[in-house]
Amino acid sequence: MAQVHFSSNQRRLTGGVAQVEVDAATVRELLRKLEEMFPGIGAHLDRTSATAVAIDGDIIPDPMYEAVPADAEVHFITPLAGG
Amino acid sequence: MRYVAPASVAEVVALLAGDPDARVFAGATDLVPQMRAGRPEPSVAIDLKRISRLTDVSLTDGTWRIGAAAPTADLTANAALAADLPGLVYAGGLIGSDQIQNRASLGGNLCNASPAADSVPSLVVNDAQAVVAGSGGERTVPVIDIPTGPGRTSLQPGEFVVEFLIDRPPPSTSDAYLRLIPRTEMDIAIVGAAARVSLDGDGNCSAAAIALAAVAPTVVLVPAAAEALIGHPADDDALAAVAAAAAEAASPIDDKRGTIAYRRQVAGVLAKRAVLEAAGRAGNGGGR
Amino acid sequence: MTITEQRPGYRYVGTRPVRHDGLDKVVGKARYAADLVLPGMLYGHVLRSPHAHARIVAIDTSAAEAMPGVRAVITGADFGDLPADDPERNMTRNLMARDKVLYEGHAVAAVAATTRRQARDAAEAIEVTYEALPHTLDILEAMEPGAPLLHEDIFTTGLDSEPSEPSNVANRTCYERGDIEQGFAEADVVVEGEFVTKPIHQGYIEPHACVADTGQDGKTVIWCSSQGHFRVRSQTAAMLGWDTSRIKVIPAEIGGGFGGKTTIYLEPLAVELSARAGRPVKMVMSRDEVFRATGPTPGSVIRVKLGATGDGRITAAKAWLAYESGAFPGVWAMLGCMCVVSPYNVENFLIEGYEVVVNKPVNAAYRAPSAPMAAFATDTLVDEIARRLDMDPIDLRLLNCPNKGDQAPYGPKWPLIGLRECLEAIRDSEHYRSRPAPGHGRGVASGFWFNIGEASSATVNLNENGTATVVTGSPDIGGSRASMALMAAEELGIDVHAIQPVVGDTEVVGFTDVTEGSRATFATGMAVVEACRDLKGQLRGRAARMWDCDVDEVEWADGQATHSGGEHEPLALADITAEAGRTGGPLGATASLNARGAGPAFSVQVTDVSVDEETGRVTVERYTTAQDAGTAIHPDYVEGQMQGGVVQGIGWALNEEYIHDADGVMENPGFLDYRIPVASDLPMIETIIVEVPNPNHPYGVRGVGEVGIVPPIPALANAIHDATGARIRELPMSPPRVLDAIMSGNGDGG
Amino acid sequence: MSRTHVSCNINGDDVEFLCDAGESLLDALRDEMRLMGAKEGCGTGDCGACSIIMDGRLQCSCLVFAPEADGATIVTVEGIADGDHLHPLQQCFLEGAALQCGVCTPGFLVAAKALLDRNPEPTETEVRYALAGNLCRCTGYDKIVRSVLAAADRMKEEVAG
């Protein structure tokens, strides 16, 4: 089960829930299951231009098809820019 | 725009007389940036650098003659001039980079009429005279009378500065110039201060002149600072009086480079330090 | 000096060869975009808004079109408008105003003519009728209800309830953990302050430039100065409404970027002018245009409050950050939130950030974007805690230093990071162990930057003489070609100068993201290594054919094939390439990848300053920087990145700032009054390369390009405080501001 | 408007070109002579990227009106090397990694040459002040200053040797 953590902004869509466990093989599946749990969050997180995923600390932009290892720690974060 | 490089003062006079939009230049270090910023081009740009009288630096009969178009690098390289007028030469060496100093001139620095011009306070404290040529012939004017406001001078249409005359300073006399800029180079002075000090045998100031840059529409001579000094050694009390007089004489503006309060404060500090430096050199005999 | 943690010995990696592109650059032959001349080429010129905010009522180009030499005139009406949700919409509206101008310098029209002068004169002859609108320049004022609105369609996101009215606040970001009240309750020392910074320009010496040649076949070729030519292609296509396959972008040498050349300004205009004129068009910005119309990094207002126990453990952090993004919103406040306390383990924090639009040029990335302002606040206050507790500032930072597995404030757990090693490197440095000279003040600060991976491609071709050509898609802004060659040399076992590293155009190399986020040597280097490893497999196969043996009997090491049974004399790479035609044809390999596992970067710096207490002038007397490079592939250029970042930070700290007058007109759009550091302002910048290898890169590389700019501002502020007792919380720390702080006795709070 | 005819010597070659009177020498070098080594970084004499040596004087070619060059002897970065033999400054810049993006490099090399021509043994401080008119945003100047000092040493050895 992946441990999914929500930031303060995201918690407004989870009714204040900070962390859930989800069984999902890919980020796409994870988003689908999160949407079932917290209607509306899928659209919020699915905007790939607005959200990247950190899986076990590795920040991945545009992560839709990314595999989610069992017991992974997942954070949805701002995609980074750099100079 | 046309470009001409006359070989004589007379040719320049004739060119200027026939065309109010003609303009003389030496290094163009102000002219080119002004043109790029959108100022109208002159009809004719008259290059003064091919007239030897305008670029020569010489000492004759106790008077230095400095061509108005001589690059300030030539002043820095002139050891005899630097010994006599170290403050003026140092000021010339502060104008921009080495690249700029190979073009910029005292004449340009004066006639561009920036209140922040680095060399002007030093010309003023050394009582420099400008030889001005025009269709009526040549006249000699104290440098302090030339700038009348930012970008404005007392030169009449058709006139230009040919050279500067500065008497060699007497013994036990020297000058100094200091400026405050945020970086170490390449900036316009937030404040500048020039001092010239003569010492008598007892180490008291027998004559003094203090002038400030960038604290008023034109260079400011501060007689009160000189008076505070004369008859005293350059000690803490006298220097404090100099600083107070300089701050008092400053009537600066707030702008992108500094505030009124800052400029007043620093005018005093720099005046004090310039006096100290000039007096130190004068105490070592000045340039002689 | 290099401090190395458990890294293997390498033959080429870590050496300092002369860079491959160096010779052209020292003899004046390197070709930058402005150096290109094509037959029949026209010159383009942009007309820019004199107003900070105005409605465009009408544009009359007829007089300009009738002028001598003019071949094309374009305005915003000549480009399609993108849908509101298109991510490139704001970019297109920045390149050419529609309806409204949003800042002084906003492009309104452009002209192509036979000479530069004709183009400029014609642009000035375009008559634009404006209706001036109230403008807003100040970040806090712009956040107020009733402030002049830049956009009718910005409704703040991230608030607890959806706002009903538009505003200048694009979004609110929040990061929260633990119990902040409890955290402050546990604290014995609480410090807080408000920190203010101005917009800062990247200040690359080469102005933006491009040449576009649009043919009758409807295709165009663009030569340009950019950190990412694939993005130039996609953004140009977006603005023109073209398919990307019509656009070929050839990267010229780039004269500095630092983030400022990660987006575009001129290219679609040049393409459109070229299409209309049927001739190539060159566009080169003046320095004035660079300042007025290209992206600075945001100004900011940041309020931070920190609590710590008596033994120095930070128990709570509260941060409020507002970043001004210029005329269109960016991601700057979000990035600031993610960086503001990251060099510290803090159990309880509340961080909120606001992205605010104002009537100034649209911001672009600048070297570790948003982190330096945040570090200014936090690391100044950490210094204050150290003084209150009479603790060594390095010891305090070591006590609160995150390690692998600790949770970063922005969410994920830290991978292997080198902050502790950087702190120890400074603590143990000769600089830190020696006392400051009399009258000098000393300051310390640390900084964090993420570093990023993204997509990269590389093709490596072996030539018949045993040399190699390495083609990548990463524009080289600081010596990355030499690093690519070093990694290829290490893999293939041939001399680094037998390798020619090349930056390929959009049609010769696979897609590669922008050179940004300190990613080129990390990510593109990874692609180079992968292609080289593919080639090594091929080389073993060819050797097996030459020896008529099983490929499993061939080993590859030190640039040659050896037979495991010892039955054949080893074959050097050149022996195999010479026979390539007979053993299966040319040898080449390509790798394209999304680079994962960029290693976070940390830097710790110490500086000594002297302050003229009568004038407020600060002199940087000594400076030492330690930075975790993972592995330094080419130490010269790692040091160069470290030193360059530090000096940019020094300029930002002491003298640089955008100055606007009350009408929103920039007052210092030139290098005379926008004061970047000159050589005589500085001491040598001593470097300590710390190497804590990144386990996710074949050679342990972390990016080194950005983090060096983060610590200088607080390091200098702390040093000025040490020298004078004055705490400065507003930039720049220019002589007037420093003198004011000294004279008004601004010390530590409390 | 008729154009001005200019004859001068650039990097040892006697050349002629036509220019507008108000054109900068920098533009003339680049547009008329196709010598692209000198760069425009500011156009106002503040950055030094366009540095040249004209009649022995280091100048910003952006501040020189092209007609001023008539009769002059000009050295640009393209003329610093002795044929295929690099100037010690060029060699030391390469070996000392004194360049990153390279766009300021021509100006630095020309300015450093002017310095060493007049002062063969400069101190670090003298190098820093002599190069203050040349802006570099990449390097922080450290490796540039070291490379100029190294070149001075090397030139001294060459003279001694």
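By written order: A, B, C and D. Residues from 1 in each chain.
Methods note: a contact is a pair of C-beta atoms (placed from the backbone, for glycine too) under 8 Å apart; a residue touches a chain by one contact, two chains touch by 3 or more.
Remember, predicted model here, so these are calculated numbers, not experimental data.
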item: Contact-richer chain pair [C-D vs A-C]; value: C-D
item: Computed distance of Cα centres, chain D from chain B, in Å; value: 29
item: Centroid distance [mean C-alpha coordinates] between chain D and chain A, Å; value: 55
item: Chain C, residues touching no fewer than two other chains; value: 202, 257-258, 286, 670-672, 677-678, 680
item: Contacts with two or more other chains, residues of chain B listed in rising order; value: 33, 36, 184-186
item: Residues of chain A whose C-beta touches two or more other chains; value: none
item: In contact (per the touch rule at the top): chain pairs; value: A-C, B-C, B-D, C-D
item: Chain D - residues contacting chain C, complex; value: 20, 30-31, 34-44, 46-47, 49, 76-78, 80-81, 86, 90, 93-97, 99-106, 109, 124-125, 127-129, 131-146
item: Residues of chain B touching chain D in the complex; value: 1-3, 5, 27-29, 32-33, 35-36, 41, 45, 47, 49, 71, 73, 96-100, 102-103, 184-186
item: Complex contacts: residues of chain C adjacent to chain B; value: 286, 288, 614-617, 654-655, 659, 667-668, 670-673, 675, 677-678, 680-681, 734-736, 739-740, 743
item: Chain C-touching residues of chain B, taken from the complex the two chains share; value: 33, 36-37, 180, 182-188, 190, 256-259, 261-262, 265-266, 269-270
item: Residue numbers on chain A that touch chain C, as the complex places them; value: 5, 7-9, 12, 49, 54, 56-61, 73, 75, 77-83
